[in-house]
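Heads up, the next two complexes both have chain A, just with different partners, chain B and then chain C.
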Partner chain A sequence: MSAVTNPGTRQASDAGAGGPLLEVTDLAVEFRTPDGVVRAVDGLSYRVEAGRTLAIVGESGSGKSVSSLAVLGLLPDTARVTRGSVRLAGTDLLTLSRKAHRARCGDQVAMVFQDALAALNPVHTVGYQLTEALRARQGLSRGDARRRAVELLDLVKVPNAKARVKEYPHQFSGGMRQRVMIASALAMDPDVLIADEPTTALDVTVQAQVLRLLAEIQAERQMGLVLITHDLGVVAGVADDVTVMYAGRAVEQAPVAPTYTTPAHPYTRALLRSIPSASGTGRLPVIPGRPPSPAAMPSGCPFHPRCDAVRDICRTEVPPLATPAEGRTSACHFAEDIMAGHDPAPDAAAADAPAPNDGPNNGGGDHE
Partner chain B sequence: MSDGVLEVRELVKHYPVRSGLLRRSTGAVKAVDGVSLTLERGKTLGLVGESGSGKSTLARVLVGIEKPTSGAVLVDGEDVARLSRAGRKQLRRDVQMVFQDPYTSLNPRMSVSEIVGEPFAIHGIDPAGGRRAAVGELLELVGLDPDHANRYPHQFSGGQRQRVGIARALALRPKILVCDEPVSALDVSVQGQVINLLEDLQAELGLSYLFVAHDLGVVRHIAHDVAVMYLGRIVEQGPEAEVYDGAQHPYTQALLSAVPVPDPSVRLVEASTSEAGSASSSGVGGAAIVLEGDPPSPVDPPSGCPFHTRCWLAPTLPEAQPDPIPSYPLTDRADAGLRLVPTACETDGPALVPRPEAGSGGAPGGASHVVACHFARELAAPRVEA
Partner chain C sequence: MGRYIVRRLAQAVGTLLLVMFVLHLLTTVAIQLNGTPAQAFFGDRVASPAQIASVERRFNLDDPCFDQPGNPCLGPFVERLGQYARGDLGTNLRGREVTDIVAAAAPNTLRLFSVVLVTWLALGMLLGSAAARWRGSPGDHGIRLSSVLIDAFPVFVLLVVYRYVVAVPLNRWSEQTFGENSWPPYWFKPSFDPSHPWATIVVPGILLGLAGSAAFIRLVRASQLESYQGDHVRTARSKGLGERHVILHHVVRNSSVPVVTAIGLAFVEGLGGAVITEGIMNIYGIGGVLWQAVQDDDVALVIAVVTLLTVVTVLVMIIVDIVYALLDPRIRYE
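For the complex of A and B:
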């Protein structure tokens, strides 16, 4: 794999076009399991623009990590993309061969994984791992690679970089390891950085350092950043746009500020309410039940069994993507009502019918 | 101090570090280094701190998994170390633990009824109505279906497993529940359910909780009193409202300021220049304190105040000016990467003392707000949360 493309020219042309760096359209990913085929991602679309941060939020199993693996061509063999496109600077990556896909991504899209200790090889020095890609793709000599590794560590503010390139991952603290991960992702000078829960394993004070570092680097290089997280606090603190995922679908997509003030999907609304806040000392408003298993998806809207504004139509019809306001989408039949802050009108047939359905298990249990 | 169900006095837990051929003890990990706490009956004491601060070690000492190096643990006024064998067994019944990870803290080869009923077997207790009925009651208490008693842990979700762990801890009707990060492995939507359950159980059974967590939001919600740990010591302690709203220690302030707030107007980083995100105009308002570096190693904690190496406040104090020693001009010291902090911070470990200006509306008579900082009086709350 000889390095043919020169990263410099490519970057300039992309940024000049003004379009999204990365555009995912109607992506669907299925897994083969012993229980049959399971759809982990179903019709996900998003755009990543230069210099902006898109946060993908969701609970475990919502498909947020799988969708990024699909973008990078790193899905396991049991999974396959059944629909959709991933456009990177005009090319649909999914039409490429697996090898070509990964080669393109290696140049332009990089990923930072959650668990830096597991993602780094314990038997190689940090410097070696940082420049593995450079040596493989650009044929850097060992001396040049060493110098570049020191530059990269300096870039992510690892103190005493010159000495530390010779150290092994276990000699780094959690926060420093995550910096090494970021540095190795930056080695190829990517246009888009996908960070999968980059700070989840870190303490809050270190988390703040790493998030700040990511934002600085992003602003400097006008990189597009995709931040996958479950922490709505982190999202509010760093993201420009949000995609909320539930059961493999994007249920709400919008800029950060309006999402928090006027959520347009009941799931987003419930998530925001369930965060323990400074003021509240009473019972936490919770989302009853738990996310559905992808193998047993409910009919209609996947969120309807847990929704506090459920109506008859939700049980049978999959909601289309509504656009309740400029720049916002919500996969809810009643997106406009939810966004306006009131519940949708009761079902015409029998106003009291839904109550007994959800009511009897009020013992404080999972089905509450 | 009147009704402390659990009292910890000057507790120290050091782990020896051995090295060399003869495995000589060459030092110690000072995991817990002189901690005193009181847990009031029926209340919740939140213990927060970063990883390595010793909060989990402290929890393990309290339930008897680890033996303290020195210091005393008093349960209901009785010194645990002086108990007889039978007394210790009783103690195990009174103090139970809920573990962090519901995926590894349950034996996958035992059914739920075996897991929840195991404490009865270990302590040779035959509950009234039989073990089976007791297990069913416990499962019901934590909101699980008693009919699922014969299932195995893998058949439950994370939240349900944590409920199983809680049911097991409650089996022997303990007075105190030590919860070590009980919700941090759970999804946000499930976290709330478990927190609510713990609060319900406290009201119903009069339990006292020691709630160890790194999530300050969760602790604020559930705890009545809060203790903040750093490098094996408590740096600040007091009623929840006072610690959160009027944090006095620079570490507590930094910790609170680093917690991401689910409010887009409080930005951790500046919003990128864009037309769509223009609503977040108040992006500057936060001025979050970001600490440099990682917590130091507990093997070799800094002299004096353990926090002085990362303290954001100390270098800004007037006391931090260097002594006019001719041989060490200011420039040299700066070149050497020295941070200038007040001498007191470097040499004296600050004691936990009551906050000097208690005037700001605290409830008198309750647990007092104490801070271990030489300069605590000069601090102001960095940010008022919305």
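For the complex of A and C:
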């Protein structure tokens, strides 16, 4: 690990091999809105180890981006962390002062943002932005900074790096710009990299290239990588573990392979079904309805109004994050049934109802 | 970048010629409808036709086209262009060289303008940045409220109140406190003193700058707020950069483009303010010269001064455009 030369990461190496680099526990984030306080993230926990990739998957509004902004202390003024801890190499970032928290960003944990055109500053050269932190924080000289900028662009395979460091973000194509974004996050050799939908704004072919690049760099540097995405399809080839989020909570957490073969939550199952396949014929199954607004959460399980295996208990009781099998967690009352590949036994009372989620007592309240 | 500057210069020459031509047409029509301004030369005395004719000859007003309403009088226009091109701005009605008049008056106007600009930038950048930084705080509300209050007082109200209500007591008080030959009494002198041009111009300049800064404060605040919301600011913070570095290099730097544009516009606005300020505070400057020339029907002087002001304005606009391109690379490479 080349990062040991960096004094800021000393604790990371002390934590020892195998221990989690980043451990988020029971994180909850609330937003003040004109409609009152809404909870965007509710009790999220995850851990990332060196050299491993965790994918956080969810629809927009599921809290996946907000939780990573909380890790970096970049939440907007209207948001606040109400409970939980974010331990980075053993230190709880949330107990630090804002300044001390900020000081760990960049060199211990760095972030790649979604829309590189907006996330890069249009009025500074790419070279300046790549090494800005090195110059301001580590006092790198101008010449060294330029050399380092060229190295970084080479690292992310931007051709003709020497000339391109003098150019501005708008002179780069979308894919190249995203590479610049990645290079800028790598500038201080972070232990953990959080990539927030790094490929969403890109063409499909470019998406694959950028993902492959991220995976290569991650493997080479033995970084912990958190890959945030709404596309379960991109996860399979890159990630080791998956956390599926729905309405601010983790609904399923497991290694990638078993998640794909035997999902333990109806939401994951529905997401997997809605990935288009090349051989697929006929209609692509979609998940009916929309994710609930955090201001108007349904009773019971937040997913029940859209669930195709809903039972009475789902409408009244919030399922805890349970462990239906070794290494698997799922927030579903019927996780074992779903894993086994069949729907849970019908409710005794509603056995003769035509369809499980079509009954008149659909407890979704104000949801369609 | 070179091409950009050349293009802007060419546009500037075009603008200048157009302004001069419109100015010429307006004065020509005025002469054609109101009769020869040569009479103004004689004041209340009745001049003989021979005397009038000789004055008309001297000021290039003898062309018969001035007696034919609707005739654009291109001949005298081209003649004037040639004269200006040689650096000869002609004379005023009293026979004084316009270049001498400008040389005497321009330094005072430049002094006034530099005080105005410094006030403007200092107040606008400091208060605007503070309001944006602590948005929604009592300070922000206070700054916005006072900027609206300043807007409610036009510059001539500020100046008249200052001159007739505030300046004299302050001047007397500072004479007693600091002695007659110290600086403070000059600062609060109610009118301009050519022997102390800087000291007596500071307060009027600050007042004129204050009046203009109100809108500027709000503009700085708005453009910085927009930058604070920008994703690139979040990126800069995610690199662990200190808040001061982020504000300087990513907020202030990015919001400098609209601010520079506003400075160009304010300069033009300031020319109008300078006429009023110089008039009320008895400053011998370009604004005062122009005002007097208009009252005296001194056509040659009006045209010469307005042409000079146009040249300056167009130059300022070019500088603004160049700075604009330097600040925003997306414009430079278009």
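To be clear about the criterion, the second predicted complex is superposed on the first by the 337 of 368 C-alpha atoms of A that agree within 3 Å, B and C clash if a C-alpha of one lies under 4 Å from a C-alpha of the other, contacts with A are read in each partner's own complex, and residues count from 1 in each chain.
Quick note on the criterion: contacts are C-beta pairs under 8 Å (C-beta built on N, C-alpha and C of every residue); 3 or more make two chains touch, one makes a residue touch a chain.
Note that the structure is a prediction, hence the values are computed from the model and not measured.
Enquirer: Applying the touch criterion given at the start, work out whether A:Ala103 contacts chain B, chain C, both or neither, answering first, second, both or neither.
Expert: In the superposition, A:Ala103 touches chain C alone.
Enquirer: Which chain, chain B or chain C, is in touch with more residues of chain A?
Expert: B
Enquirer: So, A:Leu321: does it touch chain B (first), chain C (second), both, or neither?
Expert: neither
Enquirer: Quick check for you: in the superposed arrangement, does A:Ile313 touch first (chain B), second (chain C), both or neither?
Expert: neither
Enquirer: Regarding the shared-chain residue A:Met111, is it in contact with chain B (first), chain C (second), both, or neither?
Expert: After superposition on chain A, A:Met111 lies in contact with chain C alone.
Enquirer: Chain A residues touched by both chain B and chain C?
Expert: Comparing the two interfaces on chain A, one with chain B and one with chain C, no residues are shared.
Enquirer: What residues on chain A touch chain C, complex-wise?
Expert: 72, 74, 99, 102-107, 110-111, 113, 115, 118-124, 132-133, 136-137, 168, 170-171, 181, 184-185, 187-188
Enquirer: Using the touch definition from the top, list the residues of chain B that touch chain A in their complex.
Expert: 50-51, 140, 143-145, 157-160, 163, 187-193, 195-197, 199-200, 214, 216-218, 220-222, 244, 254-255, 257-274, 276-277, 279-280, 288, 290-295, 385-386
Enquirer: Chain B touches which residues of chain A in the complex?
Expert: Those residues of chain A that touch chain B are 51-53, 59-60, 159, 173-176, 203-209, 211-212, 215-216, 218-219, 230-238, 240-241, 255-261, 270-272, 274-278, 280-281, 283-288, 290-291, 306, 327, 363-366, 368.
Enquirer: Please name which positions on chain C make contact with chain A in the complex.
Expert: Residues in contact with chain A: 230-232, 234-243, 245, 249-250, 253-254, 257, 327-330, 333.
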